[in-house]
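The following pair of complexes shares a single chain, chain A, combined with chain B in the former and chain C in the latter.
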Partner chain A sequence: MDGRKNIKIALNIATLLVTAVFLYWGDSVLSPFQKRILNLAAIFVILGASMNLVVGFTGMFSLGHSGFMCVGAYTAAILTMSPESKELIYYMEPIVPWLKNIEWPIIPATIMGGIIAAVFGILVGFPALRLRDDYLAIATLGFAEIIRIIVTNTISITNGALGLKNIPSEKSLLFYWSFCIITIIILKNLINSSWGYAFKAIRDNEIAAEAMGVSVFKHKMLSFTIGAFFAGIAGALMAFLITSIDPTMFRFLFTFQILLIVVLGGMGSLTGSVIAGIIITIAMEWLRFVERPMTILGMDIPGIPGMRMVIFAILLLVVVLFYRQGLMGTKEFNWDWLLDKLGLARNRERGIS
Partner chain B sequence: MSAGKILSTDSITMKFGGLTAVSELSLDIYAGEIIGLIGPNGAGKTTAFNMITGVYEPTKGKIYFKGQDITGMRPDLITKAGISRTFQNIRLFNSMTVLENVMISKHVRLKANPLDAVLRLPRYIKARREHYEECMELLRQVELDDVAHEMAAALPYGKQRRLEIARALATQPSLLLLDEPAAGMNPQESLELMDFIRQIREQFNLTILMIEHHMEVVMGICERITVLDYGVTIAQGTPTEIQNNPRVIEAYLGAVESNA
Partner chain C sequence: MTLETFLQNIANGISLGSLYALIAIGYTMVYGIIRLINFAHADLLMVASYAAFYGILIFALPWWLSFLLAILLTTILGMSIEKIAYRPLRDAPRISALISAIGVSFLLQNLGIVLVGASPKPFPRPENLVWNIHLGGISFLSLAVIIPLITLVLLAAVNLVVNKTNIGIAMRAVSRDFETASLMAVDVNKVVVTTFAVGSGLAAVGGIMWSLQYPQIDPLMGVFPGLKCFIAAVMGGIGSVPGAMVGGFLLGMGEVMLVGFMPDLSGYRDAFAFVVLILILLFKPGGILGEHVVEKV
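And then the complex of A and B:
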């Protein structure tokens, strides 16, 4: 009965190896532009998957993702920038002394970005998760905006509206995709664990979940905090990818872009978030042309900034209205499916003896 | 408090704004009994269940379970204390299989943390294997093992009702509250359900409080019955006493018989 299981383990290892080889190879042959887009895709996959945990798997309509991302990005940036850069950039108000001489390597700083975002997740979740549905959406949207306002106004920590520049740059595929793959593995294991089932039970029927002894608030907090943690990780990665950040980047429009990934991929499908995360990122780069001035049928049309977001908003509407299930519904990729397709005999390990 | 008394509600009242859904309900239930709670639609029966299980906090009155005051306690904690329920309008976890529905109850007792689960540590794996065995055994006992891996939503109605009961049993309750378990069933199915309820009482050592409209079920199975009408307790007694109580006949049985 272990035949299938061993095949699957072998397939998992093989996939990881192939991916690792591809990343090494890609790092040496792909252009900086291509690498940048792939790295951006890794970040959006993390964002989509972590938001899906909260919205799709636990059924909490939370729209605070960009706020937690903001916290992660700032944490990671401040922890890694050199004291000289900080001296140079914080010219409105000098940075507080206890942060000035900190200069961490980027991996621990990324993880700390996740941790601080998770702390904010707990602070926001405590009041907000007593609400449901659209009330929760409005509250979390508000909290994300509050986080942004705090960041804008704590000038001696964040440099306020001026933002941060000269954040250490990291360009390798291996770095971003390692974080992405580890995130997906963690989320997958979590969702397939009894905690994941408790999340889904709350999503399916909160009253019944409670009647089964599930402490609903505790589980919502757990899911929400983990979601915030990975949003923070993604924010940190974003800081290293684009090397300059400011509070306006993390407006709620950003959350809608992530929501689009979740909905397009399928609420309650990690596989869907991975696929949609990659598609949306690439599409977004490709769609840059709509924001440039162009000539159509002899008419000069000036570039319209934000046009891409209009297109995405329309896409989101179309998906929600006509294509609720998204690409994957709640289905996940699994080897069994592939092996069945390939006609390999299946051990009835789940059958009843 | 006398020995063997498992649940006692002391004049519990539930008001929704100006509406008194339940007024001064006092129940005393002893270990091993099957008690019926009946009354016309809107009489406040489900509301009584919701107070006992912590969904609503009574506006007035106290609820004691095994001598402990559980008034206003959180529903999940009441379940852990040993009261479990089914719902009048079925509330299954529709995106999950039958087995997964039942296994939720074991998650609550899991002695491992999320990190153990993510890292698939042996203590988590071992606990889950035990839970799997326990739940499969439970499904065998209630004859749902053949559909263990089917989606709950895909089950025929009767099996969904049975799964609701199985899921409640999985929390290892000492008091089971059944809210109209025979709703939508034909007489034959109702009879089978009666046998099933008697059987699980023996097997799981339960005390049962049930709301039911099917008179043949209530009269056939319950040892004592409480009748509500507009939230007010209009009679309490044995099935024979209830059947011969003029107020009950007027308020409830009369209506049912004239329908039949």
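And then the complex of A and C:
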């Protein structure tokens, strides 16, 4: 009956296959530097998409993402480091005995990072989600800061301000992008489920949603916890990518970069977050040249540290002031749109139902 | 703890509390009128300190002239920020205005890093403004007296403006109901700009005194004081000027006492304010002196 359904399934499978082949091929061909940037892009896509779930789809302006990342990164790092390097690194205070001999493989540790972050999400969400708008923003910002301060001060677990080094390294594109693609698929299905409709109802009008029988607090909690879970996953991936972490990494600056991705891509569009996540990550690397000393027409211009963030701050302001929809608004990419453009297998159901 | 250290802590608490109070007023006035957390407020502190710093060191101005110019510059900057970044978004969803505020704040911080470098600079202390006072067993800086005095004078002035002048009446009208006020021939834009001017001016005074008290300035110096002063404003009841004062003093005093009585917890000093904020929001969202506003559908 519907000729499109089969085509779309085929297209989905084909896209996944092509991506898998590309990742496999990229792993052997690309330079370590290129791979690192692509992997960073995968992490930022996860971060952008999960923050978009909370901010763009559920309308909760939460600024606590970097705190949950911090939890995920530390969990994954502590679970995977070898007992020898733990002994070496925790020289200020020895690590607590029950963590000393743990050495997990990378994938379960990543998922555990997400789970612990989600637990923190529940703990933070219970008090914070009763607040709205800017109060929620400042409270979640506060919680992220509290998490960071706790991590700095619990030296026998986290090694305090010195941070952790020698975290097992993982470099393959396949690893990071698999997590990224699975995240996107889960989030896409979530958004198109009845939970997702409840999220959007809460975003559009909380009181009306409640009047229609949506349990507002429950759904806010769900969205917030799932957001925290994926932030934790991204934090864990970050730990494996850069192999050394410390509490100052997870300052508000990080949340700002993720916010930029969400706003640029469009609040309420997963596709937008994916595109903007990749663009911002690559731009962030590419723009490093403005911070390096250079010579233009025989003039020596010293490097200007901080210039990148000036550019990004201006970008954020321009998008918010003049182009509030971002790249995608609330639109999503879908095959129907592409097939319509190509004029293939016209959807005959239209106008009948 | 001996009596001396206790009194010392009281003196520290009073000067920190008055700084918080002064800066919190800017937050509370702006929030009262356009319901926006002006994230850039924190960075105005930094701008004022650097302006004063360069006024003294590069242009060799007398310190009072340099301070006055810095306050003027910051006031103008605050008014321009309102005009460029907040006014176009007044009818937009609140999240957009908030994102814009965060953007401005980041822009100022990073422009600061680009223009003056990230490394901290020592702020000069004019000798005829800062000296040591010995009183019995304790000694403290003259700032411990000067800062609370200036704060009290400015607070009294702001209270006078808000309660007695025409523009003050207009401010209160706008903060009560934006649209009705504009129907009653109140020039809303003028009121908002004035509010930003007063708030930014106070932030500048606060920033300069902050740098005198803690004479190390860097482009990110405003971030933590800014967050804490917003918390102080929420504690006192956002929108209320006396509330900001009470909140500022309580928070400053509490922070100093926490470190004074429980040195073990000094690592958690910065978390203290956030814990207080969350408790206040949960149990008394209106703040200490604020009125409880019922949300209208």
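Criterion: the second predicted complex is superposed on the first by the 332 of 353 C-alpha atoms of A that agree within 3 Å, B and C clash if a C-alpha of one lies under 4 Å from a C-alpha of the other, contacts with A are read in each partner's own complex, and residues count from 1 in each chain.
Rule of thumb we're sticking to: contacts are C-beta pairs under 8 Å (C-beta built on N, C-alpha and C of every residue); 3 or more make two chains touch, one makes a residue touch a chain.
What you see is a predicted model; the values in this text were computed from it and never measured.
**Q** Look at A:190 in the shared chain and tell me whether it touches chain B only, chain C only, both, or neither; answer first, second, both or neither.
**A** After superposing on A, A:190 lies in contact with chain B but is clear of chain C.
**Q** Check the residue A:305 against both partner chains and state whether it touches chain B (first), chain C (second), both, or neither.
**A** Second partner only.
**Q** Look at A:200 in the shared chain and tell me whether it touches chain B only, chain C only, both, or neither; answer first, second, both or neither.
**A** first
**Q** Scan A:341 for contacts with chain B and chain C and give back first, second, both or neither.
**A** A:341: touches no partner chain.
**Q** Looking at the overlay, what does A:212 touch: chain B (first), chain C (second), both, or neither?
**A** A:212: touches chain B, not chain C.
**Q** First (chain B), second (chain C), both or neither: which does A:268 touch?
**A** first
**Q** Who does A:150 touch here: chain B (first), chain C (second), both, or neither?
**A** second
**Q** Which partner reaches more residues of chain A, chain B or chain C?
**A** C
**Q** Shared contact residues on chain A, chain B side and chain C side combined as an intersection?
**A** Of chain A, residues 207 contact chain B in one complex and chain C in the other.
**Q** In the complex, go through chain C and note every residue touching chain A.
**A** On the chain C side, the touching residues are 35-37, 85, 88-89, 92, 94-96, 98-100, 102-104, 106-107, 109-111, 113-114, 118, 223, 227, 230-231, 234, 267-268, 270-271, 273-275, 277-278, 281-282, 285, 297.
**Q** Note which residues of chain A are touching chain B in the complex, please.
**A** Touch residues, chain A against chain B: 186, 189-190, 193-195, 197-198, 200-201, 203-205, 207-216, 222, 226, 268, 330, 350, 352.
**Q** Of all residues in chain A, which touch chain C in the complex?
**A** Contact set of chain A toward chain C: 55, 59, 61, 127-128, 130-131, 133-135, 137-139, 141-143, 145-146, 149-150, 152-153, 207, 252, 256, 259, 263, 267, 304-307, 309-310, 312-314, 316-317, 320-321, 324.
**Q** Under the touch definition given earlier, write down the residues of chain B that touch chain A in their complex.
**A** 53, 55, 74-76, 79-80, 84-85, 87, 91-96, 100, 103-108, 110, 114, 117-120, 124, 128, 131, 145-146, 148-149, 167-168, 170-171
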